[in-house]
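Next come two complexes built around subunit A: one with subunit B, the other with subunit C.
So, the complex of A and B:
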């Protein structure tokens, strides 16, 4: 459309475009830097990388020399799978109960479940450690699952809650008028409609658990080493380039999972809910 | 169009002194209504009049404070919504978006555990009945508004409901499609002998579909009657104002009729005490224009005329400032804007007199 643009339109486009570019640079820049660094041929983490090789990825896959990293990764996946699984079940149940309930206690409960999102992770990690120790528990993977569960439940609660609020209440009336019991309505109407929200919440909970540092910091021990903690330790002691390789792997896996989730559930749409 | 294998028999619906309260607000105030077998009754009124509350209470979604709802004489108040066998066509159809058209229609059968060839045949038969046999595997989102409504109707009929409730079913349709669907629903209702309740705020819809109309206001039924009765003999000023276009002429009741402030004395039967303030409500087609003065005609100044189909709608102003609307045949003499004329009742017109209360 050939139309003259006014000065204010041009300056508006410049400001918005400039901010968007800045945001992209800040978001994508570090990812590209760490990816590039992970393919370096040198022995130090430095940008720009010198040479190109897969040597750090090969070392990372070496079962003997990267045994500790493998164990930490195994622990992390174990905890993330359990925490995300339990969070999906519990969060969905809680979201359903909160959607049915009206009144003040429901809003209080909702705020309570969501509070780990705003509560400083370090404070919660310390509190959890003191509390669990007081109860006589030793650091274990189960304890880590408990800690992670609390901080990842909000993701499920939010995405499932958003799905439920988008469900037309008339559908429930329609189902009842057609002779369906509450259970039948849940199975045939509610569950299929909120399934993408449940999947998106589970995915977000899983990624949040994999990425979780503050709670792991307090609740993990040498036996229950977690990947982010191990990476931090490697950075502190040896500036090991394998940290960049681990980061590269995590970025790649997260990217692929994200594409899959986007394809099946419209993840970004649900996170806005 | 094939008739269903088992023709549905009409059931009677009785609503007896039904009261529904939301907190301190009385949504339904001791409403009673009897719907005969095979009859379709429209609940007509502005939003907030209680018509939707009445429908939802019959459906079992709302529990009344007092009163009874019975079908074929048996109370259904203790039955939950899913045991009432009341079919509903919702305002936005409320089709299950994740199911095919056929699965939507089959939903009520499946919920009752009816599966297999017999249920499938019933679904196919219903889809044929609403002329959607070719659309069985489509999703609701792929259908037009009119088609979605047919699916909603077929789904409600699948459970062989004793009563069919229609909740503003035409509101979301285009004007041109609306009349088609009104005719179709009325035809199906007749063909199947269904007892039905139509909730609407559209008087034309109520007039064209219903056997009787219940005009509702503030949780009560102001008048229950055939469309002709409600239109020609409104029971209250509200009904007169809500149904059709109504002119209001203030005056004073006399022993034989009314003396209008506009300057004429009309002979009309009424029950008001002579000398009391009265209000004549009169339809546009009950008024006519004349050139010559007469005792039963009052002077008016002609205003704008708008052609409307075979008639012209004319605005006139009385000497006391009251504006009136009346219809005149288009072929009549075209009178000028601002000209003087005389207005009187058309021959045979019997408008209604109400006591004049300040509103």
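So, the complex of A and C:
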């Protein structure tokens, strides 16, 4: 009996440990491979990279030869800043209202606001293209902001909603019984408590917009090109090594931003919750 | 009722934005699907008929849903063990593992897709290894196969499974594991009889996100899967942007929407039943 139990313990440790290791390799490996490839000295994306150089980063910085990439990056940041800003304002207000109201209607409204998260983005992207075109609009960054807004709001709702539900109701009662108005309580008690949640939500919304594909796929045009769409084009056609340099830059920026947000808002915990 | 309405006031701007930019476009999508010609002049069910009475289209639907399910299975197979290791790790390693799990989520989907081209390509990492070790005489064909696509989606979508799963794991009472072991259950028995039923809601929440994301991952599907593997998103894209056949593209998009939502509803229901059973047993 004792021997059989130890055999099953060994097999459990081996299988679970082995699969977990494989999971880690699969999660991190590709990121490292891209970083290594971006420093290659050759014209192909062979791995291991041939030689070491910054030539693809230099080409990426070249204002003339990488103009399209620069414009796409500029458009992407512009849209992401506006969409994330609007989503943070509207999403925070809505999360506050839903937390106040509770009840069945609040739950229905919550499910409605969260639905873009699981809805196939591609169907929504096509719908938005038809809607705007049939209303007579031409492709513009403003339309992209409207489309992105819908798909990034759920990130704000989730993080702000979570920090609201962790708020101690006794604090609100205490503030009210000390004679504070509802607005004052909101400003001095609720807002400081949920500020990290708002910041984390805004950050996630911004990153989601930068990464957005299905909506941009339909709403962007040659003039309003977006970075992920441009990268897709580069991968489909020439497989330019600059894709690796753009990827390396994006990985680096995401890594730094994530460390900063982790420090100030405990980001990963909020994403988990 | 009136009171509740006033309280919902701050949600109004977002509600209006959703009506204008979300509900209205989706209604428009449905309307467009009922036109018979590209110019949107004649109404008719022609495009619905064209989709429904062609077995090729049904195969694309099946392939798309199967791709999603394969991605779910692969992410669960690797993600669940990682979550189990995470649960037993020290606080420091828990932070590190969580960071590693979240990191890919913040590196663009396009970047992750590109990484897999470098890894799975003819001269990629896998083929260099296989050829170097003499395991095969010729480079393996991994790009433009469904196997390659599922492997890539496993990494691309795994963070979506891990986040809800880890949050359930964190609330898990470790005494239950000791209790199960001291009652003589093997680790496997504990896993299937104690751990899995308890984390089922988190697992379902994650599986749902993975499924939704994998079935609509157009760029990964088209770049890694290539032109020979056709899924609903590439069919939508092709019909809308290349053939400029909006009504038919709308039909395909609605089929994508409905079929994915149906599977998601089933997964959510399964999670709720599994969760409900545990709570019932506890009460």
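Note that the second predicted complex is superposed on the first by the 257 of 273 C-alpha atoms of A that agree within 3 Å, B and C clash if a C-alpha of one lies under 4 Å from a C-alpha of the other, contacts with A are read in each partner's own complex, and residues count from 1 in each chain.
By definition in this document, a residue touches a chain if its C-beta (ideal position, glycine included) is under 8 Å from a C-beta of that chain, and two chains touch if they have at least 3 such contacts.
The model shown is predicted, which means the values in this text are computed figures rather than measured ones.
Student: Once the two structures are overlaid on subunit A, check if subunit B and subunit C clash or fit side by side.
Tutor: Fit - subunit B and subunit C, as placed by superposing on subunit A, sit side by side.
Student: Given the touch rule stated above, what does A:201 touch, subunit B (first), subunit C (second), both, or neither?
Tutor: The answer is neither, since A:201 touches no partner chain.
Student: Is A:175 touching the first partner subunit B, the second partner subunit C, both, or neither of them?
Tutor: first
Student: In degrees, to the nearest 10, note the angle that opens at the C-alpha centre of subunit A toward the centres of subunit B and subunit C.
Tutor: Spelled out: centre of subunit A as vertex, angle of 90 degrees.
Student: Applying the touch criterion given at the start, work out whether A:123 contacts subunit B, subunit C, both or neither, answering first, second, both or neither.
Tutor: After superposing on A, A:123 lies in contact with subunit C but is clear of subunit B.
Student: Using the touch criterion from the header, give the chain among subunit B and subunit C with more contacted residues in subunit A.
Tutor: Partner touching more subunit A residues in the overlay: C.
Student: Which of the two partners, first being subunit B and second being subunit C, lies in contact with A:189: first, second, both, or neither?
Tutor: Only subunit B is touched by A:189; subunit C is not.
Student: Report the closest approach of subunit B and subunit C over their C-alpha atoms in the superposed model, as a whole number of Å.
Tutor: Subunit B and subunit C, overlaid via chain A, are at closest 14 Å apart by C-alpha.
Student: Which residues would you name on subunit A as touching subunit B in one complex and subunit C in the other?
Tutor: On subunit A, no residue contacts both subunit B in one structure and subunit C in the other.
Student: Help me check something: in the complex, which residues belonging to subunit C touch subunit A?
Tutor: Residues 4, 7-11, 13-15, 17-18, 20-22, 24-26, 28-29, 32, 40, 77-82, 84-85, 95, 97-119, 121, 123-125, 128, 151, 154-155, 158-159, 163-164, 166-167, 170, 184, 186-188, 191, 208-209, 212, 215-216, 218-219, 222-223, 233, 236-237, 240-241, 246, 249-250, 253-254, 256-257, 260-261, 264 of subunit C touch subunit A in their complex.
Student: Mind listing the subunit B positions that touch subunit A in their complex?
Tutor: 59-61, 80-88, 90-92, 94-98, 107-108, 110-112, 155-156, 158-159
Student: State the interface residues of subunit A toward subunit B in the complex, per the touch definition above.
Tutor: Where subunit A meets subunit B, its residues are 168, 170-171, 173-181, 184, 188-189, 192-193.
Student: Going by the contact rule at the top, pick out the subunit A residues touching subunit C in the complex.
Tutor: 5, 8-9, 11-13, 15-20, 22-24, 26-31, 33-34, 37, 44-48, 86, 89-91, 93-94, 96-98, 100-101, 103, 105-106, 109, 112-113, 116-124, 126-132, 134, 146-147, 149-150, 153, 207, 210-211, 213-214, 217-218, 228, 231-232, 235-236, 239, 243-244, 246-247, 250-251, 254-255, 257-258, 262, 267-269, 271-273
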